[in-house]
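Each of the next two complexes has chain A plus one other chain: chain B in the first, chain C in the second.
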Partner chain A sequence: MTKRIDVHHVTRVEGHGNIVVEISNGKMKECRFEVVETPRFFEAMLLGRPYIEASHITSRICGICSTGHTTASLRASENALRVELSEQVQLLRKLVFHGEILDSHVLHAYMLVAPDFLGVGSVIPLATSHREVVLRALRMKKLAGDLCAAVAGRHTHPIAMTVGGFTHFPSHAELKELRQRLVDSRLDVEATVELFAGLPWPKFERDTEYVSLSKPGEYAFIDGDITSSDGPRIPAERYKEVTNEYLVQHSSAKLTRHLRDTYMVGALARFNNNFAQLHPRAQAAAAKLGMKPKVTNPYLNSAAQVVEIVHCTEDAILLIDQLLSRGIQPEKPAPVHLPEAVSEATGVGVCEVPRGLLIHSYKIGEDGKLTGADCIITTNENIANLEADMRSLVPQIMDKPTEAIRLDLEMLVRAYDPCISCSVHVLKVKSK
Partner chain B sequence: MSQTAKPKVAFFDFTCCEGCQLTVVDSLQTYPELLEVIEIVQFREAMTEKGENYQIAFIEGSCTRASDEIRLKQIRQQAALVVALGTCAHLSGVNSLKSLHPLDEVRQYVYGDKAEWYETYDARPLEAVIPVDFAIPGCPIDRDEFIACVKALLLGMKPPIPDYPVCVECKLRENSCLYTMEKVCLGPIARAGCKAICPTYGQSCEACRGYITNPNDSSMRQVLAKHNMTVEDITSIYTMFTSYQMRQKIQEQKSA
Partner chain C sequence: MQTSTPDKLDSQDLLVLGIGNPLMGDDGVGNRVIELLAERDLPPNVKIEDAGLPGWGLPAWFEGWSNVILVDAVQMGRSPGSWRRFQTEEVQFVVENDALSLHQPDLACGLALAQALELLPDNLVLYGVEPAVVNPGEALSPAVRHSLPDVVASILNDLEKIKV
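Up next, the complex of A and B:
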């Protein structure tokens, strides 16, 4: 008997991917996750463009994590051009970043993942059957979006973020209002933890290498060393020692590998590597969700996102407190130092976007134009690990009806929260 | 359209960041009643169901490979109305930045000796492949404008897309002009409808919504030159979102 699962364009994920699995007489014949996004060539587009434009162009890589791409891009240029950021700018960068993490995690957990547990195809029917849940999600998402808008003008393709700082600053009153709304949202955040703690998460364990940024004194989202759960800490400039990108014809992405055949990035990797630095309320939420590091069930990546919703809400309140007590002062962007004639400056920018480690690396010439660009895209880092999970999971569930296998696999793909449009240099390889 | 049944609407995406579809999702935060007047039958980013019976197709993204033309033509055949959603679909936008370099070099730069594995061609707006009825401009689209356009379409009217420059909206917001702050801006020639959001947040308008019908282009270039922009700088700011149109223009001039 043959069971074939062929999900063309998995829904409720960002971008285009296919699941292809074939089970014949109790044996797994095929098991692939194909990325079929069109090639986008952003790295080549950056060549010859002024550094000041680079973040505007690369934010267009992804509508969900555009603030993350902007941040990685700015940090790459700033490191190349030896820019020292003020404390105020660093606080605002962290604040807007939390806004994006909250926006993306709420979208993913409530609108993309929850429908699977409630047996519906989308969030739309939930608006009638679970009205309070949907209204809560919309409320939380709106707050996250408003937070981004107050700091950077808007969430998708932020405006006010520029090399060396910001071109616009939120007012004292705006920050105070946001602070109050964040405090009020604790009720929604608690309800979110309750909801997800009660879900029947699929049982599946597979240990892997977890890779994330880490830095002293805080749960790292911007800057830091690249850290592996298998031990090493590597400075961001030497990122290629971790990512080791390679192309394989039977798959469809520029894949990565470090110490094992595959590694995982994202909320679960951050949770496993940096648990001690989570806000105490986030650690308490983890306990409610039954999680303590090291968690090796990839389905719980979505639960780790819920833990981060708690952390980012609490940390955003603390950041606003710091900004308010310092007093918001509009300031010009910090100065850049262009490289000497006929030389190039190199800079690497790293951050932890909602889906994991993102790296931009630029070369900038004496005229301020980009002469080289390399972007390591988060979702690509996870593709090989996702396929390894699928290969490990399928034999455990192959006795289930085809439809149930399909749902388990789709839920696994969604747990990774893939963001396939991001796949700057990923795409379809000829089908076999 | 029938007075009783809700019009069936589908969302599609080609080469893009899906930020415009996210903006559609975001617009539901403020306008949840949208779902009471339309029936969404396909929206891959947000729902599992895939209905192929629809009257209005919103398409995000540019066409960047020959094989995508087939799907676009199918959508055109099914839909009574095709609406280009956002800059990539409307103008090709940043996707056409790659056209500023020879395509072979671009492919080789990103994929090395595996370049031939990946199908691609010059990025183009939807209207270069299929007839498009309306475009909702912007990178990303503006949520209020999206809602206004849907309302207009449901009433059988043309979407209210302004044909005056961003400067008009910028003045209405009482912003200080960026030209008085040692910055440059394409506001005088770029199409409004965004509420001048970029100048409001201290950034130059980069004309993501394209240009008004009759822009005073030579004057604009003179102003930019007066503000110490070199020809290269001017080309750069002009090509951010409209490389495709710039290239068309150069080709037309060459053949004239």
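Up next, the complex of A and C:
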């Protein structure tokens, strides 16, 4: 008997990916996650463009991680041009970053993951069967978006973030209001933890290498060393020692591998590597969700996102407290130092976007224009690990009816929250 | 060009949302229309926003607005650059399908979710522009560029009808 599962263009992920699995006479014949999206040549668009424009271009690579791409881009330029950020700018960068993590995690957990568990197939019927649940998600998303707008000038695709700082600053009153709304949102956050703690997560374990940023003193989202759960900590500038990009025939994305054949990035990797730095309330939420590191069930990436919803809410309140006690002072962006004639400056920017480690690496010439760009897109790093999970999972579930196998595999893909349209990155760009 | 349905935009405040990705050729038409509107003197009760690719989050944009105009690239099977002004009741949102728009989850998904939650604005108008090219690249096609003055003029005409 042959079971074939072809899920073309997995629904509810941003972009297009195909699951192809064939089981014949109790043996797995095929098992692939294909990326078939048209290649997108974002890196090429950056060449010859002034560094000041790079963050605005790259913010459009992803409709969900626009602040993340902006931040990685700014940090790459700032590191290349030896820009020292003020404490206020660093606090505001962290605050707006939390806004985007909250926005993305809320959408993912409620709109993509919850419908599978609540047996409704998609968020549209969920809106009827569990209207309050979806309205809660939208309420939380609205707050996250308003936080981004107050700090970065726009709900999405930030306009006020620039190399060296910001071109706009929130007022004291705006921050106070946001703080109150964040405090009030604790009820929604607690309800979120309750909801997801009660879900029947699929039982599946596969240990892998977990890769994330880490830094002293805080749960790292911006800057830091690249850390592997298998031990090494590698400075961000040496990211190629971790990513080791390679191509396979069935995917138009570049895959990555480090110490093992595959590694995982994202909320679960951060949770596993940096648990001790989570806010105590987030650690308590993890306990309610039955999680303590090291968690090796990839379905629980979504649960780790719920833990991070708690962390980012609490840390955003603390960041606003710091900003309010310092007093918001509009300031000019910190100065850049362009390279000397006939030379170029190189800089690497790293951050942990909702789906995991994002890396931008730029070369900037004496005229301030980009002569090279390399972007390691988060979802690419996870594709090989997702396929390895599928190859491990399929033999465990192959006796189930085809439809049940299909759902298990779709839920696994959705747990990774792949942004396929962002992930394709086939073009290698070098300066002449 | 094409519009004839009775106008429902008649109350105080209005939000214009541009949808799309300016790095994907004509998918950036919604974002470009917002840039062009930003150069105009707009009534104080009008807000314009570049919403990017809001997907499932679209209903959150509608909160507090009873009048909304959306501008997006829409595949309608017409000649590139042609455009239509839809009232929402004129069209069916085709969910998880590229028929009405170009991203996934696309505008149709966001609208269908808003509809299921009963959060659609009372008065919702969609400007759809037929794209010629949706591939990586920052330029709009000549056909879509050519349509811009008419689309912007029609939206400005909508805005003039609002009582201040």
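Here is the rule we use: the second predicted complex is superposed on the first by the 420 of 432 C-alpha atoms of A that agree within 3 Å, B and C clash if a C-alpha of one lies under 4 Å from a C-alpha of the other, contacts with A are read in each partner's own complex, and residues count from 1 in each chain.
Basically, a residue touches a chain if its C-beta (ideal position, glycine included) is under 8 Å from a C-beta of that chain, and two chains touch if they have at least 3 such contacts.
Just so you know, these numbers come straight off a predicted model, no measurement behind them.
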| item | value |
| --- | --- |
| Clash or fit (per the criteria above) of chain B with chain C on chain A | clash |
| First (chain B), second (chain C), both or neither touched by A:P50 | first |
| Chain B versus chain C as contact partner of A:A152, first or second or both or neither | first |
| Contact breadth on chain A, by residue count: chain C or chain B | B |
| First, second, both or neither for A:L213, with chain B first and chain C second | neither |
| Touching partner for A:K141 - first (chain B), second (chain C), both, neither | both |
| Partner chain(s) touched by A:T162 [first = chain B, second = chain C, both, neither] | first |
| Partner chain(s) touched by A:R131 [first = chain B, second = chain C, both, neither] | second |
| Contacts on chain A seen with chain B and repeated with chain C across the two complexes | 9, 11-15, 38-41, 45, 57, 60-61, 63-64, 66, 107, 111, 122-124, 127, 138, 141-142, 145, 154-157, 421 |
| Parts of chain A lying in touch with chain B, wherever the complex brings them together | 9, 11-15, 38-41, 43-45, 47-50, 53, 56-57, 60-64, 66, 107, 111-112, 115, 121-124, 127, 138, 141-142, 145, 152-157, 159-160, 162, 166-168, 247, 249, 421, 424-425, 427-430 |
| Chain B to chain A touching residues, read off their complex | 14-23, 25-26, 28-30, 32, 35, 40, 43-50, 64-65, 68, 93-95, 97-98, 100-101, 105-107, 109-111, 114, 117-120, 139-140, 197-198, 200-203, 206, 233, 236, 240 |
| Partner chain A, residues of chain C touching it in the complex | 21-24, 49-57, 59-61, 63, 95-96, 103-105, 109, 112-113, 116-117, 119, 135-138 |
| Chain C-touching residues of chain A, taken from the complex the two chains share | 9, 11-16, 38-42, 45, 57, 60-61, 63-64, 66, 103, 107, 111, 122-125, 127-128, 131, 134-135, 138, 141-142, 145, 154-157, 421 |
